[in-house]
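What follows is a set of structures to go through.
There are two complexes below, and they share chain A, which is joined by chain B in the first and by chain C in the second.
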Partner chain A sequence: MGAGDQWKYLYRVLSKSGPYSDPDWVPGEETIKSLEESKILVIGAGGLGCEILKNLALSGFKDIHVIDMDTIDISNLNRQFLFRQSDIGKPKAEVAAAFVERRVKGVKITPFVGKIQDKDEDYYMQFKIVVCGLDSIEARRWINSTLVGMVDMENPESLKPLIDGGTEGFKGQARVILPSLTSCIECQLDMHAPRPAVPLCTIATIPRQPQHCIEWAHQIAWQDKRKDDSFDSDDIEHIGWIYNAALERAKDFNIPGVTFQMTQGVVKNIIPAIASTNAVIAAATTSEALKIATSCNPFLENYMMYAGEEGVYTYTFEAEKKPDCPVCGNLARKITVNPDATLEEFIETLGERPEAQLKKPSLRTEEKTLYQRFPPQLEEQTRPHLKLKLRDLVTSGQEVAVSDPAYTIDFRFQLIFG
Partner chain B sequence: MASDFPHALAGPSSKERKYDRQLRLWAASGQQALEESRVLLVNSDGPWGNKSTGVSGVVGVETLKNLVLPGIGGFTIVDPAVVTEPDLGVNFFLENESLGKSRAEETCRLLTELNPDVEGNFQAKPIAEVIQEDPGFLARHKLVLVSGPIKQSSLRTLCEGAKTLGIPVLYTRSVGFYSTFSLQLPAVFPIVETHPDPESTQDLRLLSPWPELAAAAGGISNLDSFDDHQHGHVPYVLLLLHYLEKWRESHDGNAPSNYKEKTAFRDFVRSSARANIPQGGEENYDEAVAAVLKALNPFSLRSSTREIFQMEECKQLTADSADFWVIASAVREFYETHQVLPLPGSLPDMKAQSADYVSLQNIYKSKARKDIAEVTETIRRIESQLGRTFGAPDKDIELFCKNASHIQVIRGRDIPQVDGDAHTKKRLRVELDNDESLIPVHLAFQVLDIVVTGIQEGKYPEDSLDDEAIWSVEIDRILAGIASDAPIDDEVRTRLLEAAQELRRTEGGELHNISSLTGGLVAQEALKVLTRQYVPLDNTCIFNGIRSSSAMYKL
Partner chain C sequence: MLKIWSMKQQQQQAENAEGAAGKKKKKVTAAQLRVQRDLQELTLGSTMKMAFPNPDDILNFNLTIEPDEGMYKNGSFTFTFAVNQNFPHDPPKVKCTQKIYHPNIDLEGNVCLNILREDWKPVLNLNAVIVGMQFLFLEPNASDPLNKEAAEDLRQNRDLFKRNVRNSMAGGNVRGVAFDKVTR
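This part shows the complex of A and B:
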């Protein structure tokens, strides 16, 4: 048996046309060579990332890079199959890369332990495709806007297809984004609306649910009693303290149901996760990567949802590119505001509005700076604006540029008085 | 209430920490069911001629990975194949050193590494031999996974054996960019914890409040005299009950029943909110307004529950009936008496003072407890009439009552075959006329089964996997069998030929991505079957990796 025999099945689809492959496609050596030369980046070495690395290695990719800043925790072991009990505490990217390299002969996997924000455009420019397996919206938005920003219409190589996967419990989604050409993460941001926060007055004065008691212990009691200790949700003593404080409060209000598990879930905002859902979504993304890298079949245009609670349900559709997308569109996004709200109140709503989700915004119009968080002098200078009503700062229909330290770009909103 | 307020700091055990992210989906009861399960994987059934080792079995191994990680009790891999080079390009649970060794042993070894809680076993011979040597073998498993294509006679024997023992079977095939799998459940498969969307299970009984709830609403009859703070904190459930009473007074005692009346009632509630208050509006009234259209529907039994009540098993209890049917029968009696199901007893969060909310919550909870007590009494009466010695456990009765509105019973069907029963043939025939249907993919797989069987039985030469002429003959034979009444039009035949062409492209070989994805889907179904939570597939799923779409069919 020759060395090529390892890839017997894969090479068959790369060496033979199918009924649905592009009629202009030339199968064979060239296709295989271009696959092997495609440098591909995997963002995240967690539940999806472990699967993605395995799948890419077994799809004939030879030069894979992976970024992850996290270390391995015991609660990862129920799905992150490249990690063992003895790996707890080690960096995910390194352990995952070494494991897959060891198992699949001939593949090179280069880990980077750190944040995606540590890398610049030159770094991202070297890849042909980027595959994302992240649990954070913020990181997704960052890589999305970075890749959109890198597109230079004169240079087709600057367009890096972004394949994104996400899961929660039995549900998940996979999508293919051609930055600046098709619907991007930011276009669909409202599909990832944050859970509505419990109003502070409920937490502070009229708790009704066990979760309200936990939020009280976390947001109020800790500040009150232990403000000198910085809270660490991975510290079992800290969680235990929150649990006991929540339990005491629940007792005062006759509210049953506070448990340790619930306390952890609320404080760490835990999302249920299982191996099987990750397997489905990760393989959906890597199957698209193989199709994009080789053209052996048409790729997904552009969104697939999966739900497994009741039978097997998938929905495949084409999400639309939005002309007022702050990242890939060229129009300011319209948002309706209450002209009598203060700037401070408006800033607060920017954190929760599904179409904005900006936690630390600074704002300016073309003429003036409304509020600037940094440097401190400017913050002090613009702070008095916070108490002013919007109608005294802007006119209806005026455009406001919003920047946020989490993102590299400005978001443009057109404020419409409601 | 002591148990509601544990005092000691009860940190989680290391097992609870390891499984934390999944316990949030199926709880300790689901986990226990998993840990008590042993899964059998029949991952190949011998070579397809001299040049091919047969099924590479990636879906099977990937499925097991997704079951070993969450902690099933154990598994057995039956696979007579020896590891060859091409295996290393598709199967992650083999390594260079595995070459030439038993694939059953090597995949078992590398899968067991994933979770020390799971016991792995293997048999490096064909399943027929294993069963012949050890007739009790099948019965020691809770689920059978079969990786196809497999000789039809072997599949039939396995499926029949499992059916006799009441063991579910998942039959999978993955070739190139396509995959399909079918689930054979026991003849009767009840699920109590279906985990419906909490929104759809809300049952507030606003149109027919029981006396305690009506009395609570009566407590706010002097609503107008409340100060602004009190007024803005009346739970919306009580607000709606209060305004319903007022509405009835001016509508001959009738509640709003159609859309027009409900919107009029909604306007009436909205207009009763206090406007000239510092906060600008009242959140509890907003909640009440938002709830009107959904919460003012009279109780209605879902058709799936009605069907369960009408099943023979529910109507004809015997001393040997499963507890499920005894409980179902008692709940049916409850429904016949009260025209409603036992109250689930949960109350959504709503704007209210803590104490008011808790006391309203207690009204719902105690009604739920009372309903459970009534059902339990009926059950004990039935049990003594039937002369049953062991009573249904209280916790099962409680679980049933809480989930009563969404309980399901699936009538298991055999793994579908083209020469199957009239129902399968009819479904296939109907689906063939739908040009979006994935049924052509399924039929192409059926043809693959036939070709593989032909090779294994020496009817076809071993290079038939990409022989257009042989496939074409078998496709026509299948179509003739399905559509004996009317001729198949050319478009349908073309769709089937195209699907077959895509399968022939890899000559029966698997692509890792598609098999891994399929292993995820299959494991998901296995988890649902083993935990008896959520709702499993009924009964066939087809995945199209070219279009990234899937479909379910009851074949």
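This part shows the complex of A and C:
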């Protein structure tokens, strides 16, 4: 296929209406142009990230950014196909970006080596769509609450669709989140069952499995013998020490099976990653990205699960938005306040305002406990705030979170000085 | 993309609410909000006191339990609570600041309480943890030991165990281990 033909099949999809395309959709050059101009962010350049980057580049996205804080490890090479032996130790984001740029002509991939938390709202504001290929719930929750918090009614561009892919062994999921509009990651948090932990007492007294011995070495022996070294799961000497300590304990209890590899797996919490699961989930997330960026077809509403242990099973459903979701359920409402009023007076007005009607609120900002009614020690410590003026406690535009025992949900207000 | 934005506008009109516009300041985190609520809903008996070294940081605090009955009566036991930003998905981390003789608390201060580890669920709150902690002093549990010697004593000779508890609380030695004085 010649260079000019490379996008032939993609352009066919984008130049003709299909049975499912929206009647208002205008296929053709404009649509293709909007796809090529869409700046898209990929979070994670690991197992899913490699697939996602490759798929996006081959789907016609031309301006792709990628964030990852990790460096390449030898164990990544079996499935993270953008990396070679000679890349070990180099940052994933940079190597992945360079590889795809070399392979797909005309695509620009901008890597950032670091944490997503290093970047602020201004950074995330530049993208049209965010795609996640992450392995941590914590990072997902962070980006989710950041994107929900960015939604601004006066700026349509501030709503960034979030497409989240996740895999664990043979299972995976892809979901489309329209921050503040549809069910978010926080709403769906209870769908991730936390991994069952082994009771500390079992580890401490009666280990039954080789994993218990490793946990013992990791959680108890290290604390005991090497308190001053902070444990680093990437330090080969540290893992070696844990391995030997676990081995000895296993010997004492006649438990066979402790290996170096298992030690690494237990302390780093590794679940075997399956290349084909990543491929299935990455394909789902990137086709959603294409549909959202071009409007060529309706996108996923909003959760696709995949189970590949005993066959190829997928199921799609609409996860519901939780009205009391701590992230998207109650966006801060603006209220105008007199900056010279005291906190006590403000609290009284909360009881009177029809939108609040709070009788016994406790309230805080991100950095300050304004007033906490219980426990008594904290009440005493925060009571002096009641006599202070609002302007001495908060700045205009700051968010205040309010809980009241009379309600099961919490409230967020953005205080605007009038 | 335009379609998504018009969906948003419809939602906004339906709610007829004022959007959160303008420059954003730092948001109160989900963990902070939940702890604010949990603290407010605590029921602390006369045997429990809390302390907040930094009142603005409600994610880190101390709890002192002073049992008024049971084998640990007249003791004063202080625990640090560290709640992370993943709360309530993750349980709080609780540690005893003193070296005490207790079958479910080791010499490092680690606490073996099921709801702090394997049985933690996000629906549980700080009150459940505090009630559980208090229960550990009323009913030390020999079948779930973290301090094996203490558990063994409790199982085999309850009177000896009681004496050891008294002894250790007064700052004495039990089996060559020196304990902190924790009597009021």
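The criterion applied here is as follows: the second predicted complex is superposed on the first by the 326 of 418 C-alpha atoms of A that agree within 3 Å, B and C clash if a C-alpha of one lies under 4 Å from a C-alpha of the other, contacts with A are read in each partner's own complex, and residues count from 1 in each chain.
Definition applied: a residue touches a chain if its C-beta (ideal position, glycine included) is under 8 Å from a C-beta of that chain, and two chains touch if they have at least 3 such contacts.
Everything numeric in this text was worked out from a predicted model, so none of it was measured.
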First, second, both or neither for A:54, with chain B first and chain C second: first
First (chain B), second (chain C), both or neither touched by A:230: neither
Touched partner set for A:312, first chain B, second chain C, both or neither: first
First (chain B), second (chain C), both or neither touched by A:264: first
Partner chain(s) touched by A:150 [first = chain B, second = chain C, both, neither]: second
Chain B versus chain C as contact partner of A:275, first or second or both or neither: first
First (chain B), second (chain C), both or neither touched by A:75: first
Interface residues, chain B side, partner chain A - complex: 1, 4-7, 9-12, 14, 16-25, 56, 62, 65-66, 69-71, 84-86, 88-90, 92, 95-96, 113-116, 176-177, 194-195, 233, 349-355, 357-358, 498, 501-502, 505-507, 509-514, 516-517, 519-521, 523-525, 527, 534-538, 541, 545-550, 552
Footprint of chain A on chain C - complex, ascending: 1-5, 7-8, 11-12, 17-30, 32-34, 36-37, 39-42, 44, 49-52, 55-56, 58, 85-86, 89, 104, 106, 108, 110, 112, 114, 117-118, 120, 122, 144-146, 148, 151
Residues of chain A defined as touching chain C within the complex: 22, 34, 121, 128, 137-138, 141, 145, 149-154, 156, 159, 161, 178, 180-181, 186, 189-190, 194, 196-201, 204-205, 220, 223-224, 292-293, 295, 326-327, 331-334, 362-369, 372-378, 381-382, 395, 397-401, 403, 405, 410, 412, 414, 416
Complex contacts: residues of chain A adjacent to chain B: 1, 5-10, 12-13, 16, 18-20, 51, 54-55, 58-59, 74-75, 77-79, 81, 84-85, 102-105, 169-170, 174, 202, 206-209, 236, 240, 243-244, 247, 250-251, 253-257, 260-261, 264-265, 270-284, 286-288, 290, 297-298, 300, 304, 308-314, 316
